[in-house]
Structures are given as C-alpha cells and as structure tokens.
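Same chain, two partners: subunit A is paired with subunit B first, then with subunit C.
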Partner chain A sequence: MILPFYQALTEDVQALSAQVSAPAATALHDIRRKALERFTAIGLPSLKTEAWRYTNIQRYLKEFPYELLTTATPVSAAVAESKAIPELDCYRVVLVNGHLQADQSVLPEGKGITIGAMSAHTTAPGFAHFNQQPHLAGESLAQLNTALFADGLYIELAANTVLDKPIHIIHVYSATAHAFIQPRHLWVLNRSAAATIIESSVHPETATVAFANSVLETVVMENAELWHYNVQQGEESFREVHTTAAQQYKDSRYHHFNFTLPNTPFTRNNLSVALNGSHTETNLNGLYIANKHQHVDNHTFMDHIMPDCNSNELYKGVLLDDANGVFTGKILVHQEAQKTNAFQQNNNLLLGSKADINSQPQLEIYADDVKCSHGFTAGQFSEESMFYLRSRGIGEDAAKALMVNAFSHDITDAIKVPALQHHLQEQIAEIMNN
Partner chain B sequence: MINSNEIIDDIANKEYEFGFSTDIEMDMAPPGLNEDIIRFISAKKNEPEWLLEWRLKGFAAFKKMEFPKWQHFEMPELDLQALSYYAAPKQKKQLNSLDEVDPELLATFEKLGIPLNEQKALTGVAVDAVFDSVSVATTFKGKLKEMGVIFCSFGEAVQEHPELVKKYLGSVVPHTDNIFAALNAAVFSDGSFVYIPKGVRCPMELSTYFRINAQNTGQFERTLIIADDNSYVSYLEGCTAPMRDENQLHAAVVELVAMEQAEIKYSTVQNWYPGDKDGKGGIYNFVTKRGICKGTSSKISWTQVETGSAITWKYPSVILQGDYAEGEFYSVAVVRNKQIADTGTKIHHIGKGTKSRIISKGISAGRGDNSYRGLVSVGPRAENARNFTQCDSLLIGNQCGSHTFPYIESRNKTAMIEHEATTSKIGEDQIFYLNQRGIDSEKAVALIVNGYVKEVLNQLPMEFAVEAQKLLSITLEGSVG
Partner chain C sequence: MLTIKNLHAEVEGKKILKGINLEINKGEMHAIMGPNGSGKSSLASVLAGRDNYTVTEGEVWFNGKNLLDLAPEDRAREGVFLAFQYPVEIPGVSNLNFLKTALNEIRAYKGLPALEAREFLKLTKEKQQLVDFHSNLMNRSLNEGFSGGEKKRNEIFQLAMLDPQLAILDETDSGLDIDALRIVSNGVNKLRDAEKSFVVITHYQRLLEYIIPDFVHVLYNGRIIKTGTKELALELEERGYDWLKEELHLKESV
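Let's turn to the complex of A and B:
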C-alpha cells in the first residue's frame, strides 16, 4: 500500500483506523486504538510544537509518498555483517524492519533469559510494562508507533540473571519503495539482573528512503544494571526518530550512550528516564558528529520523581560543514525528590562555516534540598591549542583530528566494552581525516 | 535561638510593608476598551493625528492577538473591558515649583523615602515623578536643558519634540510585538522621554518614580530613551504601590536606542504590591522592555531587582545590531508567598564582535515560583560574538519552585557562548559555620542572601543599591531587618 503519508496521517485517519483494528482479537487492540486517538488529537509535530521548535520533521515526511511497511523483506546476511564491530565477542540479534531473523542471529540462551519477537511474547510477565512509561503519552510519534507497530525485540532477564556477553542488535531497514517503518521493543531487567546491549542500524538500499520511527522501552528493576549503547552511523537514504523511554526502580543503574555519526540526514533521539525508585544512578552520554546538511536533534528528559537519586548527563557535539545540531535537556525534580543530584552539560564545537547549534538546557525544580546544574558551551578550537600543536610540526588537519579526539574523549573513555571503544575511536579519527 | 524553620516560615509569610494609598481626586475615563476610549485619551492629551492613527493601528493589532500560552504559570483571567484606561490627577495647570504640588502627594513620596523638596540639595538626582499617568513635578530641568538633554513626560515630548517621538516611537517595540505591547500602543497614558544629544554625558542619574494608585486603572506607561552618538545616560526606575485587593494590570513598554558609542544604563527596583500571603490581590507586571544598540561600540545595560508584584513577567532585551556593541543583563528576582516571576532576557547578536553578559539570581521562598527564561541568539554575521550567562537559583523552603529555560542559538562558528545554571539551597553547613562565629541563624540567612546577590546589586547606582539592599532585607529576612 503506497499512500501520500503526510496527508494520510493528517486527513485520512479512517484508513489507518481500519488498519489498526485488523488484529482485533489481540489484547493490544484497545491500546492501539487509544494511541491512534491520541496521535490524531496531538497531530504531527510542527515548528510550533515547543519540543520540536528547531526540528521540522514535516520537511522529511511530506516530500513523497511513503509505504507504511509492516513486513520484513529478505536481506542477505552480508548486510548485517557490514555493521559488525571488529573483535567484539557478543551475541547477535538481526532484525529486518523490526522482525527477528533467527537464522542470522546468535541468541543468548540459558535459565532466566527470554529473548525473541515482541509479537510472540505479549503474554510474558514482563509485557505488563508495555506502554507504561509515563512520557510516551505526550509524544505523538510514539503514539503513532504504538498504534501501528508490527514487531520488535522483546528481552526479559529474570531476577539475578547476568549476561556473560554483550548483545549486539543490528536493525536492518530494507524496502523496495520509500518506507515508513515502526519497530517497537521492550527490554525488562528484573531484580539484580545485568546486561550490556549495543544497537546499530543499516539501510542497504540507496535509491529508496527508509524512515524509522522506533520506540524502545527499557525497564530496569531493583538493583539491576543496564549498559546501553546506541550507535547511529547510517546512510544518506536513512532517516530516524528514535524514542527511548526508560524506567528505573530502587537502587538500579542505567548507563545510556548515544553516538550519532555522519551521513544520516535526519536523526531525532527522544530519550527520557523516569525514576520510580530512590537511590538510583543514571548516566546519559551522547556524542554527535554531523556533516553536510545533517540535522541531529537530541531531546532528553530526566524525570526525578523519587528522592536520593543521582543523574549525570553529558552531550558533546562536533558540527562540520552545514550541519545543524539541536540539544534539549530537561531535568524535572518533583517536590518529593529531595536530595537529588542532577547534572547536565552540553558542549559543542562548531567547525563548519554554516554549522549551527540550538540548545535548550532546562531545569524545573520543585524541591529545595537538591543540587542541580547545567552548563552549555559553543565555540571552536582555541587558537592557543592549535598554535601549540602546529608549532610542534603537526599539520592543521591532523591537529584538528587530535583535538576532536580529545574533545570526545570524555564520552568514549566511559565506554566499558573495549572493542566498541576502539571501534568508535577509529571511526571518529576516520571522519576527521576525511 | 530561633530555629531555622521558624525563620523560613517568617520569611515566607511576611506581608507587604509599603501598603498605603493616597486619596486624591482622579479624573477617570469610564471603564472599557474601544476605539472611542482611544480617541478620548488622544484628545485629552491633545495629540497630533499621526499618533492617534498609530494608537488605532496598535488597537487593530491587539484585537487580532490572543494571550500567550507558553508561560510557566497559569494566566490569570484578565477582564480588559473592566479597566479604566485613563486616570489623571485633576489639577492640570502647569506647576512652577514644588510648593504647588498637592501636599498629600508629597506626603506619599515622603513615605516612600523620596522627599522631592529635599532631592535637589541632597542627592543631585532629577526626579520626574509620575503619579498615575501624568507627570506633576519635574525638577532639574533647567540644568539638563543647558546641556541639551531632554527629560520630560511622554505627553510633553509629543507636544514639543514630535519629530523625535515620531522617528523612534515603536522602532524597537513595534505595535505588533506582543499582545501587551499592542495594548500599550493603543492606550498608553504617559511615561518618560529622554534624549541625550551627541557627545553629552548626562551629568546626573535620571530617575522616575512610578506609582500605581487609582483602583482599577491599569497603567500603560511608555518610556523612550534615545542616546545619540558618544553620549551616556543612567536611568533609574523604581516602584512601590499601595495595598489593594483587586489585581491591577501593568503593561508598560520601554524602548531604548543607543547610537554610535553611546551607553544607556537602565536600572529598575520593582516593589509593587505582591498580594497577601494567600496570593490574593497584587499587581500583574507584564512589561515589554527592549533596547537596540544601533551604532558601533554602543552599550545597553539592564539591571533589575524584582521583589514585588503577584506576577512579574518580562524579558528586558538587547538587540546588538552595531558592530562591537555590548549588552548586559543583571537581575535579582525574589518570590515568596504565592508570587510568580517569569523573567529573563533576550540578546540578539547581529553585528560582529558583539558581546553580552547575563547574570541572573533567583530567590524562591514560601510557595513562590521563579523562572529564568532567556534567549541568546548569534546570527551568521556576528563574527567573534561572545556571550556569558550565569543563572543561579536559591531555594528557601520545600514548597517553592525554581526553573531555568534558556534558549541558545548559534549560527556562527566563531562565536563563543557559555551558559551555566545552578540550583541549591542555603547549606546547613554554611549556617552552622556562621552560628559558630556567634552570628544567629536569622542574620546568617541575611548575610548569605546578600552575598549571593551582591554581583547584581553592585551594578546599581549607589543610591539605588542602598534602597535595593534595604528592600531585600525587608522582603526576605523577616524580622531580621
């Protein structure tokens, strides 16, 4: 089915409703219907939507007809292999348009580990967390995803289950026509479980555009720990709205890393963390290096609901050529959330002559016994540092690469998977050398 | 020793100390907002045709606009039709000396601490006292006149210097800017006008005391300050208002124009009636203030100490159009009881080498809600632009709120922008430290708060700094004094 997507969404909701009500037998039916209603009520974001004031998504949606793609197309194993991280000892999950490809995957096995297609796990105990993250309700595209998603990856670790190796998820988005794809994932780590998960994505076709509107919910229960790395290094024919909604419970730790590297013209990352328990730790790290006409928008929300929680957020950006960077970081501290420590920082290097950055670091605080701060900088290399390197015989380009390496070090240094760390450092060096 | 909770309660619940009202007969327009009222105001003030047309354009723009929804507080219901748009003290004849001023009015000023008749000798400050819309006394005019400085009420400027008013009125804040600016354009009553000619350094601080007095009259002042090439002026604005139960709207517009190498320093101490401790009554202070640095190396500096009003909602802004122009914003905003402050600044860097500095200190107590909202934008032409922003918040008590909403937009790679914000409360360790040295908790809080805002108070002219410090101690420090 090919339809002028933008019009279909805003005008012809009837057709979509019919599509949504098709699997009427499933328990999800009501949730989907409500989500579609909410999407219709909120509508697609425009520049007048406060959370989207610097990102015109309609520019990327209305240009041509999109196919609302819900199925997987056959893709050779080499496509996923192209995103493999050298020397990384890991389990591998390959998803095509959200659908699990068992033949190309190496799944972890053993007691307490549940991993598989979302559609096959709607009755699993952890599925009770589906669509529960409070911030999803306000995001119209997340609602659209809830209404229309076909499949995704479900992971549940039972209490005290610790994965021995990282899981590397490779999202393949493949289509023969321009496609709008809505994968939906849910990962639940029960009490004292621990895991490391790395995500990459690839869109092999160059002639057709794939637009992924993906939603991931992660639930980190009591004393559990999740290391989550998202590597966005896509193709020029790929566009993405990537929503990650996390919930944390008492004593849990959540470490999120987001790397947005060149080429994909449009990336919007919605990352929100709701703290439902106290004594938690949250680290949100982001690095974006954008070139050409790339538009990278990181929209983060740290919701301190409970007392005695710590959060640290550090987003760093390098904007080359005509790239646009957008950063929004909101820290909300509720009245009950006393003894909160919440820190946030956003640093930007503007290197391209037409590069720009729009940043909104926000604090919204209703408790008095807290320590909260945010910081923002935008600038370029200091002349002194450049001169220092140049005077030691280092060429201008090499000096710039060295400085960018140093600038991104705060983020890359915190990566706990050596193979991934090495891989990303090499990628950064390569980008700067070109 | 009083424990610190009691002190905090005391501070949080303190009522307004400057509440009193003066009974002077007012010349009032009937309530309601329509074209006839605008024509009435214009005719009363004997205005030229072009100004009436401009007012009507403002009214037309106003009718098309709606109240904004993005602010971080619930918009109070404003019945603009219930307000009266013109009030003036009845005696209209020209006054030659202070002796002719209504003694009751003089007594009001005495209570506020500005004895007009002693002003000349004591402080050397020229005061243009605006008592509800119409200027009734102006001092020091002669001395300023000698230097070519024009400092008069807006109405007078329209009569005597129409070419200047026509040229600059609405050039910084157009009548279409926002709904309150449009309303002001339509019905503005009076205000101050300042023109500093080329090469003149204004020899004294210019000061206007605004008073809101008559019940149910929104005040719609319009201030226009023009500093021509190589000139300097420091302008002071201070307000206190009598205690009232009904909300009073104040929607003023201030426009500043700085030409080549000119400098304008604009300072405000605002202490209007904030409402009682349940948030009843109080002034709505919705003001549009904006300055433009037109010429190269010009400078505009805003300093504000905001302690009053039920709702303070304003963003004194600077447009840095000239190359190497400089903008500054220093602010202290204090909220307690149920007060709301949504304030900050906008700085637009357009010219190359432009610099700006923003220091904002918020203090929230009781159930007050304090927001800093600011924009720093750097345009593509603003080579080597430089901005530094610091916004700190101090929370006193666990029912208040403190928020920061900065917007930073940079379109030039050579620009350097820094922004930092912190939120904290007065540390128990800090109070303990001071207690140990024999300073009781009350005084310790006062000391810490004073230290916290010092960076901003230091920007005020001396006379004002003293007043502001006094105001802060009275508003915040409870019985500490």
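Let's turn to the complex of A and C:
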C-alpha cells in the first residue's frame, strides 16, 4: 500500500523513491541516493528552522492530499498560449510537469546551442555542473527535488554563443488529482555566452491543486551574461516552492528579476547566488504584489566568496488585503572577498488592513574593505499625492494604480525586454484596478 | 455657478474658516487677497475636497449640486480645478500618463470615450504652447525635480488640458519671475471665456495687472471682510491690511 504523500515525506521517503523511474546514468543515481539520505537527515523545514521561521511549509504540504507526480499528460496548446506575452518575439519552450513538449515549442537552433530535456543530456559536458551549487545541500526541499525529480530543461550555450532572441519557458503543471510536481533544470552559459530567459507557469485545472517544488541551477561562466526573468502569476489552485541556485564566474553578469503577482496563495522563492570568480556583477530585482490571503516569501542569499564583486538587490512589495510578505536578504562576505560592494534594499507598501511584511536583512561580513548597505521601509501612500491625483479627476482606484506603478517603476524600468516590460506594467495596472 | 453660504471649517480641531459667503457667476474673475494664515488655501482645499478639513457649518453649491457631498475626483469631474500653492512631486508617475488618466477619467464621467492617442497628443501640443511648457518636461515624472516656476506652469498646463468651469489658482504667481508671470497670465487670459470662472488667490497686485479681476475680496481671519474692484488691490498693496482692520472695528462698534 502506498503511504499518503505527506506521511511518506516524513516517515518513509524511500517509498516515494520507488515511484521514480530509475535514471539511466549511474552517476546521477548515486547523487539521487545521497540527496535522499540528506533529505531524511535534515527533514522537512519547520517553524524552528531558521530559514523558514515566517513560513509554515508543513501547513501547506498538508493542505491537500498530494500525490507525487512524475509524468506528463497531453495538454492542449491553448494552455501554454494563455501565458504568451503579447508582441514578444521569442523562442518558446513548453514543459508539462517538467517534461519538454517539442510539438508546442519553438527551440533556438544553431551552432553552440544545446537545449532539450534534462533526461536526454545527463552526459552533456555542462551536466558536470549538476547539483554543484553549494547552497543546495542545506535546503531539504532542494534535496528532495534532487532525489525525486523526473525531468526538466537543459540549456547549454557554448563559448561565445549569443542568443538572438529571448527564450520564453512556459511551465505547465497539469494533473487530474492533487499533485506534487518536481521539475529540475540546469542552464549553463559558457565563456562569453549571453542569453535572455523568461519563465512563466500555469496550472489550468481548478478542481485540483498542484504544488511545484522546482529547482533551477544556472551557471554563468567567465564573462557570460544572463538576463533571467521569472513571472509568477499563477492560479488559486497552484502552490510553489521555487529554488534558483546560481553560480557566477569571473567577469560574469547575472540579472535576476522575480515578479510575484496574484493569485497563487503560497509562493516561496529561494534565490541564491554563489560568486566563484572576481569582478562579477549581480542584480537581483524582485517585485511582489499580493492580494487576498497570499503568502509570498522571498528568501535570498548573496554569497560573496571572491573579491571585487558587485551585487545590487532591490525587492519591492505591494501587499493588499490580507496578504503576507516575507523577505530575507542574506549577504555573506567571506574573508577573501575584499572590495566587495553589496547593496540591498527592501521597500513595501502595506495597503491592506491586514497586510503584513516580515523583512530581515542578514549581513555577515568577514572582510574589512567592503561597502555594504541594506535598508527596509514599509508604508502607505502619501495622502498629499493621493489628493493631488484625485483633485485632477482621477478616481481612488486609478490613483492607487498610478501610485503602485510609480512605486514599482525602478524595477519595471530595469526590464530590458520592452514587450515584457509593457506586459507587466499592464498586469500591475489591471491588478490595482480590480 | 458657485455659491458659498456661511462656510465654517476646521482642521485638527482648529477653526479656520468662520463664515465665508461668496457668489461666483459664469465668466467672472475673482481675486482673493489676505495676510498669511488668513485661510485662503484652506478655502481652496475645502472647495477641492481635501479630507483633513471638516466643514462644521454652511453650504457650497456648484451648478445646482451640493459640492460638499462629492468626492474630490467627482468635484474635478464636475468642473472644479485647483492649481496648488505647493504642487506635489510624484516620482515614477509620468506627467503624460498622469494627464491621460485624468483626462480620460473626466471624459468617462461625462460619458465620452477615451481620447485616441493621436488626439491626445494634438491636444497636448496645443496646450503646451499656451503656457510655453517644454515637451521634455512631459515625459518626466510628475513635478519631480521641477523648478518652482516649472511646477506652477505645469499647474496651468493641466488647467488648460482639463478645461474646467471653475479654476482656483492658489498663489500661482508666487515665485515666478516677470517673464514666467507674463506667460502664465497670458495663458490664463486665453482660457477666459463667458462660461468659465476663476478665483485667483494672490499676495501681489502685480498679477492683477495682467489678469484683470472683476472682484477683489479680502480674506482675514477666516472671513471675507471686504469686497471691491481692482482698485482695492492697489490700495492693499500700498497700505497693507491694518487700515482695513481698523475700518472693520469702527464699523463693528458703530
């Protein structure tokens, strides 16, 4: 008899392992076995776990009787199409529960470009980076993913390969029962390669709930540059723990944008960047606009291992209704990481009567010649500004929409893809006007 | 068009307006003068609907509607416009987007369709010229980093764009150099017609040489203590307000 999923997670995770088809490569098999051991050793996070103090993950895991789902059922192309970004000229990758749907995808082709299912690329040269990001080891849900993932998207750009258009990845999550789904992705940009990648996700069913525990590793090698946008505008029947673990090498640039918009009730984003080389640039931008009972937790970690690196983190939140926000910004500057510049800012608009934010900077600095700063604000609209707008005939809702747009403009202005920028500005206005 | 009857208002428990009576008809230009702190901006704020003021007594009728019942945006949509003494800066809201939103909200209220982009731009160009408002300010954030004069010009530019029936200009002339004053006054004069009325609040008679008022009122300690024509402004400029106080005491004691 198969144990219920949550019980299996806590009592007999081996039983779950049996449900995952045995991977072909033995090296991977070994990694999975170790990850499972590690998961069993760490256990699920609880409110006592430092990194999960404000997010009761167990409550969300128990919320529905999930089943571990490792397969994909055919989904109509209209589902992915619903997340298309108007006017965006891009390649498209459609994944269903992590499995690549070649017939619905338009993949980039050409010299230096490798893109396809993880399962088909376990022997590709870049796959050597799999599971190497140092922070994954401490995160039990990431270990669970490593142990049990079915498939995901592998991208490798050879040295000097520059993608001419953005890739838009649409993650479709689809199941006939409440499902726990664990995609696993690895993107490697080799020396001086460059790409723009946009992610969206969709869960079309309304009667059943999907919980995604996805892990993405990105490796930005020497002098490479990755623009990475993640748009979380999910359904009420979706829950997500989204882990992005990046590694950067010398002279590389990584620009991460995370947008969390309604209506997914629970979102936890783990974002961590390990700097393995000097003279890197990292920009972490986040915008969360949450309403109703949404719980949005952004957990970020900038790991300054090497000297002469710059990181800039700006997370902004608009919390409406009863929405609950959590922000953690950990910056670790190792003793060797002299001449580090690391800046962090978290600003919030608390607009709902029961809206709430827990924000904690965690700066650990072991080098002496560094520039680091952090800041936090939480406030409401200025009454003066609201009155000014209303005195010009602008209704209260439209005035709020303008103000929220204004609040988020330093993030949306930094978006380098005009169609995406326009799309998000419109989405923000629409959320505020409802 | 506008009838103010025995208007009393307070802010944070402090009585500021103490029985204002004023009748403004179509096409008229009224000037309100008065010493600092006498309640001029407060009167403008109460008319525009700033909610930290509480009206404790009196009525305000605008084209047959009880103005005090309306939300600030509805007063604007009905045709009341206030040019602020201190326009606020709103970083991140572009001037252009702000105006388009305002204009279309007012049009929607009147049952008109939103302006097409082309028509909007045409209107913008036309009105920009009226007050010599530089187009590079259009794409900037609303009033952010504008000079004092640019902010005031922006108020008049908005006035021209939104085309209200009643415009209240609160010290729009203060801090303007003579060239800017001329531009702003010319703009206002071009907007004047038989259907529109203006209330200009000012400390300086100088403005009233460009914008000739039909009436000049003196607001003192929350009341209009004297009403006259443009000659009254000259007299105030020369003699200050003290003689008026004396005259008033005289009258009251008689």
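Assume the second predicted complex is superposed on the first by the 420 of 434 C-alpha atoms of A that agree within 3 Å, B and C clash if a C-alpha of one lies under 4 Å from a C-alpha of the other, contacts with A are read in each partner's own complex, and residues count from 1 in each chain.
Heads up, the rule we're going with is that contacts are C-beta pairs under 8 Å (C-beta built on N, C-alpha and C of every residue); 3 or more make two chains touch, one makes a residue touch a chain.
What you are looking at is a predicted structure, and each value in this text was computed from that prediction instead of being measured.
K.L.:
Putting subunit B and subunit C onto subunit A via the overlay, clash or fit?
P.N.:
fit
K.L.:
Angle at subunit A, subunit B to subunit C, CA centres, as a multiple of 10°?
P.N.:
Apex at subunit A; the opening toward subunit B and subunit C is 80 degrees.
K.L.:
Contacts for A:50 in the overlay, against subunit B (first) and subunit C (second): which applies, first, second, both or neither?
P.N.:
first
K.L.:
Contact-wise, after the overlay, does A:160 reach subunit B, subunit C, both or neither (first, second, both, neither)?
P.N.:
A:160: touches no partner chain.
K.L.:
Could you tell me if A:398 is touching subunit B, subunit C, both of them or neither one (first, second, both, neither)?
P.N.:
Second partner only.
K.L.:
Output check: A:374 vs subunit B and subunit C. Expected answer is one of first, second, both, neither. What do you get?
P.N.:
Touch status of A:374: first partner only.
K.L.:
Touching A:409 in the superposition: subunit B (first), subunit C (second), both, neither?
P.N.:
After superposition on chain A, A:409 lies in contact with subunit C alone.
K.L.:
Looking at A:390 after the superposition, I want to know if it touches subunit B, subunit C, both of them or none. Which is it: first, second, both, neither?
P.N.:
After superposition on chain A, A:390 lies in contact with subunit C alone.
K.L.:
Who wins on subunit A residues touched, subunit B or subunit C?
P.N.:
B
K.L.:
Which value, in Å, gives the least CA distance between subunit B and subunit C in the superposed three-chain arrangement?
P.N.:
Taking the overlay as described at the top, subunit B lies 16 Å from subunit C at its nearest C-alpha.
K.L.:
For a test of understanding, state which residues of subunit A touch subunit C in their complex under the given definition.
P.N.:
382-385, 387-396, 398-399, 402-403, 405-410
K.L.:
Within the complex, which stretch of subunit B touches subunit A?
P.N.:
Contacts found on subunit B: 70, 380, 393, 395-425.
K.L.:
In the complex, go through subunit A and note every residue touching subunit B.
P.N.:
So the residues of subunit A touching subunit B come out as 50, 54, 335, 338, 348, 350-380.
K.L.:
Can you list the subunit C residues touching subunit A in their complex?
P.N.:
Residue list for subunit C touching subunit A: 48-52, 71-73, 75-77, 81-82, 84, 87-88, 90-93, 97-98, 101-103, 105-106, 109, 141, 158, 162.
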